[in-house]
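Following this line, the structures themselves.
Shared chain: chain A. Partners: chain B in the first complex, chain C in the second.
And now, the complex of A and B:
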């Protein structure tokens, strides 16, 4: 009886300790939300026109595809990998979608998403089956997928038909919130639940924390890695469809360019360490919004947009420094 | 027993053979590709065309030298492409004060960025990938701010001659490329610094225990890479007689690709300058050949480069596993 009480007391003490992390760990875990909140307050006070609903709607339209690729990126980083191909996979998805327009909007969208998935499967195959460094496999795909997208459309922009599905994705909104943003948030929720509760989610974190131990523990490492990169490609495909619908055209030279960098930056700022084993989906979404609002604030204050880029770089270094200090 | 005795040297010979293919394979592929291209395209094997390939490859080449040092060290430098842009803008601003400042200012700026990268990586223990990614973004932003998002027109003069003149009938940029690689090979293979780079890339902990000044060597390597990238930007500015803030985008990835194609292993500790130069020239050759196939869209160049990189990595992976 008393032994049970003692063990319960010990459990309570443990739980309490877990709840009261060091201030530095707290700062690390919540810095992205704090920074986002501060930025919003500053913008509401000082940035002319920031309260305008059109501004918010445009921001969310721009954020939706970045959120999708950041989700995939966070998963690959969680396995201690990286996916540089997501921007080019977006471009390829948009290009394939443009070619499949004859079959109707739904088929075209499916073909685009399928193209993204194909890039992810190739990448996952190279990483999982052949043990190739994900940095270099996805770098090769970054170059090759962009080249394929440009070759498919001969480098020119193809307009998407107006009306129907493309209008729903490109301009559709429920009051202020674009439909694509709602979809992105739902997908983010699903991914977050998956990481927390499923065997697949636990496995990918295990692999990121210690691959050798994961193999010894009987985790299906190859299959998990293949699925993670396939998911990243699939999400990039969807992001490419969203971006093209917003633009009203498929442009192989424009869609998705440098998105991989934004996705990595948002993941890291959001608290997903490059060393693997931990993923913060909510943080990643906040990271995307932070970077988007940051860019918009500079433009709306008539400050050279390039300063936003410099500030972005400083944010990344600061986030990284906090992670390092937290262990 | 005699079978085992006989087998040992042959296994050793095979391992040596594979190592040779890994380090020198790219040179063979380059020679083969050049022979096929000259048989297939009459214009390919002309002095004029070789000059085009060499000149175009020189900027990537300088960057690839630094990148090779960094990869052998066990790191990455993603900031080099942006440094080319910054370098060309700074060169354009400095050229009114003479050709020397126009070369030195960009080189020093690159050196400074490399110093910051190196300190964050070596001293603060941050991942090279993300530190130099931040530098990629920040330096590009800085270049755009300095150029006020537009082109800065430089007055060439002697400065232009550095990049467009000739010595002994060969374009200066090609001389710079060849001398650069020769010097780099000397430094890598014949100096204490080069040995330290290999040692750290092979096993950092062991290198530290053997008394290699790990932090100092790392910082110097990133400074070297930054300096070369800034210099490449200055030369590009001289070549185009303008500073272009957006110049050099994607060169960081191309330089990594060139090194990997040339047999520099991403795991660190292994690589040669001759291999990296072959990788640079192979990428240039692919572009050149695709330009000559008149009806082939130039967009296939990216596709071909990407597939080529994949093949190179696949071969490297298979060879490494055979060797083990």
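And now, the complex of A and C:
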């Protein structure tokens, strides 16, 4: 009885620290971790072959680029915006990288990341300077960047050279943990610190929470928005490089397709509400892993892909429903 | 003859707020009846009851002498009450004629819209009101004024006997206002009753045959326009009779120094016209004026929250070429918005984050916010202003309105400004918090800040300010020292606009 009261008290204290008003809201806000844990336990118990280290490694390889685009997505959603262009920016980054191969692997990677940054800067320019709704500007770039990627490579796949940097990114791993996953987690840590401790991070939360108030408080709204979308593009560029390295080729019709949807779903499931003003980087990473494991579980249990998609959609809706009060 | 539309003892309560108390008033055929009152007086509630959006808690509505129930907006419209709002609720993408007949189109064979007949009938209707509008033109291509005329024409076409014009002229240009006035004259001649709601008193005096004043949900005056002089009307609106209320506190002696804040010939659209004033260090200047006189706009144009079209702003003597909020803050000016929710707090964020918002440049090194400096700043202001919160990490929305306001005041002070503009700083907060805000203002002034303040309560403004700058319809119409002055003196100045007096 008293133990229960004590734990209740601790929960309430936790809730206060997290800025929520009740233990229920706390549980909802952190449901992504609970759901992830439950899913892992179910898989370990029932899914044949889930314990295989190759499965885990593959999962993490697939998760790394999604984590990167989710980070950028969480920042834009934190400003009460959105970035639909991240998937296409990945495709463009991979295409530009393929064209720059002659200059060596490092230069090619830099060119790819630069292409993603360029998409982000254009997007941010449209949003910050011209006051265009980010849904529209990033939708335009979703189409334009994909089109440019296909045009650059004539719509065909270009193989990346074997060995060197591309092998490090494409197959390199420290025991079961791929190097790209380590990089993604380090970047996530940096972004989390940035959101929590920098003027830039604070400013983007202000803009998302109340743009009119942010303007009156003298926050550099335009500059912050430009940088947020630029960061999202930059991270998408790196994600495109990772995805192409994993595939061993730059394929403008394949790299990054529909990644924006997973990034938005992961951000929101992770506790970054679409209404802006709050960003949860750790939650976003957990959201990505959750969706990846879910997808893998469907495949490994031989669930037809069409049904798997429907189930995934139902899962996302259920997760968001549980979350809605926590947001 | 019975009035066309009448309310008898109509009351309405929202939670703890009594929005209307036994309101009785009558609208006669061929009459333009003005409804005036300050914000929160109950005008909108009354209109929403007359248009069927709200049901009264008590009392009766009579139409042509018969009791009626407007249980929906549709019912009210069907019985002949038509309302035209500032925000047009028609379809801008469709033609004028289509909008006039929206939902009641003339048909052929019962299904096809008879476009020819519709255009012809719309044309005839518009001509009758002296409106030179092509019925085939796209509604959205017309100016806002003409769109309102189309809205009126639609009401008449649907058989309106009562037309309610809710703040029709706020967004109109001079020529459009003239067109509106001509249409109103014509409606009157047709025997239609018009309820004219406006905060522009000169328009009310020009148009209305009769004026009814609401204050705190009650009718406080109702008379023929000729029998209700401006001073009496404003006194009724603000709740001050001719009795003299003198201020007792002696005026502060401002330091004879460079003004903390000064504007010269400030202009913004039609809302701020050639406004010049100066606030010296150590004095409180009150910006007085009725609703819509341009108090908020003057502050926002000075601060750079609105882009001024002409004029000069000097902060502590230094000119700010093209002010933006960021530049003004850096130059030593702070601004507290009247709208705490829409323009003040950052919901979802903590008390500390809300408080420190303007001070980030001072708290940060190389872009990283010093948690230690932030905590120290928050602790200092929490103590100084008596902010009651569970802790610096508590969500701002968990605080009472008064404490939220104190956090926002602290946000203004966190940049150590030379001058501060407080737009109705005690709006909607409880008495205790109000007194604390007053006390804070006195302390600031003693520290040598220049304070520009507004209030929706004239008495409060008189108590706070050393002198008043009076605004009327966007222009400075007078100035007054508050020491020894009575509220009535200010009311007289508000009532006598367009007198050229130096600020």
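Everything that follows uses one rule, which is that the second predicted complex is superposed on the first by the 301 of 327 C-alpha atoms of A that agree within 3 Å, B and C clash if a C-alpha of one lies under 4 Å from a C-alpha of the other, contacts with A are read in each partner's own complex, and residues count from 1 in each chain.
Heads up, the rule we're going with is that a residue touches a chain if its C-beta (ideal position, glycine included) is under 8 Å from a C-beta of that chain, and two chains touch if they have at least 3 such contacts.
Bear in mind the structure is a predicted one, so any value in this text is a computation, not a measurement.
Novice: Check the contacts made with chain A and report whether chain B or chain C touches more of its residues.
Specialist: Touched residues of chain A are more numerous for B.
Novice: Considering only touches as defined above, state whether A:46 meets chain B (first), chain C (second), both or neither.
Specialist: In the superposition, A:46 touches no partner, neither chain B nor chain C.
Novice: Counting only touches as set out at the top, which of chain B and chain C does A:147 meet: first, second, both, neither?
Specialist: So A:147 only meets chain B here.
Novice: If you stack the two complexes on chain A, which partner ends up touching A:126: first (chain B), second (chain C), both, or neither?
Specialist: First partner only, chain B.
Novice: On the A-aligned overlay, A:209 touches which partner chain: chain B = first, chain C = second, or both, or neither?
Specialist: Touch partner of A:209: chain C, not chain B.
Novice: Contacts for A:106 in the overlay, against chain B (first) and chain C (second): which applies, first, second, both or neither?
Specialist: neither
Novice: Looking at A:307 after the superposition, I want to know if it touches chain B, chain C, both of them or none. Which is it: first, second, both, neither?
Specialist: first
Novice: Using the touch definition from the top, say if A:220 reaches chain B (first), chain C (second), both or neither.
Specialist: The second partner, chain C, only.
Novice: Using the touch definition from the top, list the residues of chain A that touch chain B in their complex.
Specialist: Touching chain B from chain A are residues 82, 84, 126, 130-133, 135-137, 139-148, 150-151, 154-155, 252, 261, 264-265, 268, 274-275, 304-310, 312-314, 316-317, 320-321, 324.
Novice: Over in the complex, which chain A residues touch chain C? Could you list them?
Specialist: Within the complex, chain A touches chain C at residues 16-17, 19, 21, 197-200, 202-203, 205-206, 209-210, 212-220, 277-278.
Novice: Quick check on the complex: what are the chain C residues that touch chain A?
Specialist: 303, 305, 324-326, 328-330, 335, 337, 342-350, 353, 357-358, 360-361, 364, 367-369, 371, 390-391, 393-395, 398, 411
Novice: In the complex of these two chains, what residues of chain B are touching chain A?
Specialist: Against chain A, chain B makes touches at 76, 120, 124-127, 129-131, 133-145, 148-149, 253, 256-257, 260, 266-267, 297, 299-307, 309-310, 313-314, 317.
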